[in-house]
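Labels A, B, C and D are assigned to the chains in the order they are written; within every chain, residues are numbered from 1.
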Amino acid sequence: MSKNVLERLQARFADQVEETHSNQGDDTAYVKRDKLVELLTFLRDDAELAFNLPVDLTVVDWYQKREPRFEVVYHLYSTTKKHRVRLKVRVDEDDARVPSSFPVWPGFDWFEREAWDLYGVRFEGHPNHTRIMMWEGFEGHPLRKDYPINKRQPLTTLLGEQK
Amino acid sequence: MLLLIALTLLKIVAIVLVFVMVVATLMTWADRKQSALIQDRIGPNRANIGNVRAAGLVHILADALKTLFKEDFVPRDANSALFGIAPFLAFVPALLSFAVIPVGDTWCPDGQIAVQNFRDVCLAGEPQSYFQISSMGAGLLCIFAIVSLGVYGSSIGGWASNNKYALIGGVRVSAQMVSYEVTMGLTLVGLLMIYQSVDLNEMVRAQGELLWGFVPKWGIIVQPLSFVLFFTAAIAETKRPPFDIPEAESELGAGYFIEYSAMRFALFTLSEYVASVLVAMMVTTLFLGGWQVPWLYGDGFHNPFTGELALALPYAVVKLIQVGAFCFKTILLCWFQLMIRWTLPRFRYDQLMRLGWKVILPLSLANVLITAVWLLWIDSPK
Amino acid sequence: MGLEGQLTGTFVGTRLSDALNWARKYSLFQYPFVTACCGMEFMATACSHYDISRFGAEIPRFSPRQADLLFVVGTVSHKLAPVLRKVYDQMCDPKWVVAFGACASSGGFYDNYCTVQGIDTIIPVDVYIPGCPPRPEQVLDALMMLQEKIQAEPLEKQA
Amino acid sequence: MSEILIETEGGDLDSAPMNLQMGPSHPAMHGTIKMRVKLDGEIVQKTEVEVGYLHRGFEKSCESVTWSQVMPYTDRLNYVSPLCNNVGYCMAVEKLIGVRATERCEYIRIIMAESSRICDHLTCVGASAMELGGFTAFLYAIEAREELWRLTETVTGARLTHSYCRIGGLKDDLPVDFLPNYRVVEKKVRSLVADMHALLDRNRIFLDRMKDVGSMTAERALQWGFTGPVLRSTGSDYDVRKASPYMLYDRFDFEVPVGTKGDNYDRYLVRMEEIEQSFRIIDQCLKQMKPGPVNLEDGRLLLPPKDEVYGSIEGTIAHFKIIMDGIQVPPGEVYSYTEAGNGELGFYLVSTGEGRPYKCRVRPPCWSLMQGLHELLEGYQIADIVPTFGSVNMIGGECDR
């Protein structure tokens, strides 16, 4: 059954799917971002796929390890068909943007804001594209590999400090 | 004249400052201890003076002293005049109401009395009201008039703080108190019809009569429904849980007195406890026979079935027993309120309103009707 | 109040300060600033098994104006720091602060971009409780230490 | 948030909605949530939930430590049921390495995870009862939790943050007297839970506050990505333990309670019933499990026994390598999912073959719950925020990480 998902996806969006694999039993498809919303809508609405639960969205930063630098990772699940799929979208650092999946599943709302906040990947069309974990005025995106782990940006005057 | 003033002052000190304030303060302690008891804990017990711990009673002293010396803060954007006056507006009416509550019957000079129709009648001289600060004829109305002033303190305090939580609390206070005043008054109409008086002492005396020859005619027996409704409405009027929606800790922080600190905050909380004592006293007076002890009259205990004197007691002892009975009933009801407080969850605002207007009010109207029918046709004197 | 200065060192002054400190240490209304894991142990401390109320410190006041003791329970992030500072500033004197747990005391093992490295970088702290999270016994111990500290405070500090 | 939403009809009274800021330091907001509430009188028109006040840099911290050292961080994700997180993380790493823990180890993991789940539900139900002013039920719940914690302490050595699991095994086997101790605790907890039922189930005020408040349809809940008891209360029966049984969950006979309306009362009932089911699972575990090794015989994953470390050079080197360099995990990526107290807890791990995780992403169930929370609150009253928020059981450590 699980192969079915990838085959079906490839059959429908042959030009969009770059490669697929099923390492450790997790079905994975690398897709292009051009028709991402259309592709996600297909995954949701297709009777045999029926992915109705948006599980997770995150970003992997391959800083100086791979090109392009970012991979946006989607995890989806279908409660009726009981299958999962992982989608990955590669984006470049200079052009770090992906169409927002908010219209397809509202459940990716905060996940996208988080990804923007912590990794700096833009989600175009998101209705409230603001920081969520950090505060407005925070500089940089802390989960990027080039952000030092203890670079702090205090909001209040610390005791014994002139400001 | 001077003697009268001195006597009144003495009564004020004895009733309000000694009895009411002590009971109210003890309630703060009992509140903590009672909750501990229900919740399988120990409760406060560490504070000590020398070796005296008195089961945590000393904590009251610590609380009072600390509160007196805490910083008294007025928020910058608050209306400072109203902000300052609000706690007193809440506290003073609560204390004023005690003026008309009779702690005991009038005193006959030299103890020369006779018992007629279940009442003590003075044989010599004018009866003296030593056990009531002011024995006015319209005592019950006076209480209602004064109690309804209490709402100003809380809602002004809520508004003057210039804090949104306090404002919501203040609005809730006014809605809650105004609506429950109506129901509170209406629940008592049946009682007034039976006793045919608004003089509290007279009402208590009427409760000394016997029904079917042996059951004391207490309010709770002749008007059981009215008792339940009045007690509910009265607790709602004190803003104590489960009716504490104006201060609902989990949603409003501390409600209408959220900005108050130190003594003013203490006044607000204390006035709630004082109000609880007032409720206890009113219920005692109206429904539990006030200072009455069943079958005890000025000359001693009477046999309920024959009406003859069964145990003769000196007049002063009888008075003492009656005052003691009043205090005991009051304290019992205070404790009962604490039990309610620690066992029930809090109402929601609209549910509280619905309870007041759609349950208690119609029921009390029905009660009035039934009482009227009863008095007119079934129990009519002719 | 101004009086303290004149009374300091005199017999009356010491007696007054003793009485006041005694009252304060047994009437600690707390403001629980609960954020994280330590809150679970904080609950346990307040409940039947450990019962913090024995010390007269059980009454939580969610208005900082009415609280004497600020319990900072759990990790404080830089985003939350201004809130903590504000709560502390809103509290009326005299006030005390307890840093509950490793994170509040020092940042714990969250040595990273978003965690305040101990709340004593923002507000003064009276007692630190180690542990991640501390056991309720430690909390009670800390409370008793705080009571000792309050009892020893001189009068002029109480203004 | 400044535009006026209500148009006054007839123009007799001028009214404008009030904007109220609740939190982050608000008694009902668990210390880490800020809500901007737009109120029309007592009615909540609009809420904006803001999180991030407990963001502690979980991922960044995990990336800087070895695979085993991540364990304490996972404890502090959902700190009400830490063992569920431990188990979830260990399973993810084991899946990435391609090994499976021994049977006895899995039984013990299930026992501990289920007892953690009981603690989680007890805390949630108790706390939401407390926030409604029902103090006594809260005290009972915490007392029951205390009993379970003491039992857990005899197993793991810690009351709350256990770090009990190891990659490929456990810290230790169950203590010899676990079974009799467990029976005593079970009896106490069950009787306390029965007391809670007695206090709450037919309490009129409690029912009025909980029923028909904060409800949602199953379809909408799925769109928001809800999982766990909150999703099940709406009528969907998605439970990872049943839908895709991991570890040994396919061997147990248990039911997944579902609600119908998805309101607060359903959530309360689902949680209370799950406590019951967890007891059933633990019972079956205790019956089925057999003596055997709890740790894998794999020198790459687990530390050698202490006498070997002190007695032989190979042991010392192995110990040193695992502690200093960490476990060597083959390159790859994996998403592993378990059912934690609040729903599907997923770990998405990426390894580049080094001793440290390249990426250690956790999919927190609370995160999804919080983003859809406003739909549970809008249209109800301000006082309803308290029980609704309480019954959703937001855990700051897990939500904000």
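As a convention for this text, contacts are C-beta pairs under 8 Å (C-beta built on N, C-alpha and C of every residue); 3 or more make two chains touch, one makes a residue touch a chain.
Values in this document were obtained by computation on a predicted structure and should not be read as measured data.
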{"item": "Required minimum of steps from subunit A to subunit B, each step between chains that touch", "value": "2"}
{"item": "Chain separated most widely from subunit A, comparing mean CA positions", "value": "B"}
{"item": "Distance between the centres, which are taken as Cα means, of subunit C and subunit B, whole angstrom", "value": "38"}
{"item": "Distance between the centres, which are taken as Cα means, of subunit D and subunit A, whole angstrom", "value": "24"}
{"item": "Separation of subunit B from subunit D, taking each centre as the mean of its C-alpha atoms, in whole Å", "value": "48"}
{"item": "Cα-centroid distance, subunit C relative to subunit D, in whole angstrom", "value": "30"}
{"item": "Multi-partner residues of subunit A (at least 2 other chains)", "value": "133-135, 142, 147, 149"}
{"item": "In subunit D, residues with contacts to at least two other chains", "value": "26-27, 52, 55, 57, 60-61, 139, 143"}
{"item": "Contacts with 2+ other chains: residues of subunit C", "value": "47-48, 60, 62, 79, 111-114"}
{"item": "Chains that touch, pairwise", "value": "A-C, A-D, B-C, B-D, C-D"}
{"item": "Interfacial residue positions of subunit A with respect to subunit C in the complex", "value": "133-135, 142, 147-156, 158-159"}
{"item": "Contact set on subunit C toward subunit D in their complex", "value": "33-37, 39-41, 43-44, 47-49, 60, 62, 73-75, 77, 79-80, 83-84, 87, 109-115, 132-133, 135"}
{"item": "Residues of subunit C that touch subunit B when the two form their complex", "value": "19-20, 22-27, 47-48, 51, 53-56, 58-63, 65-66, 68, 92-94, 158"}
{"item": "Contacting residues of subunit B [partner subunit D, same complex]", "value": "35, 38-41, 164-165, 168, 241-242, 244-245, 248-251, 253, 342-351"}
{"item": "Residues of subunit B defined as touching subunit C within the complex", "value": "32, 36, 39-47, 56, 58-59, 61-67, 69-73, 249, 253-254, 257-262, 265"}
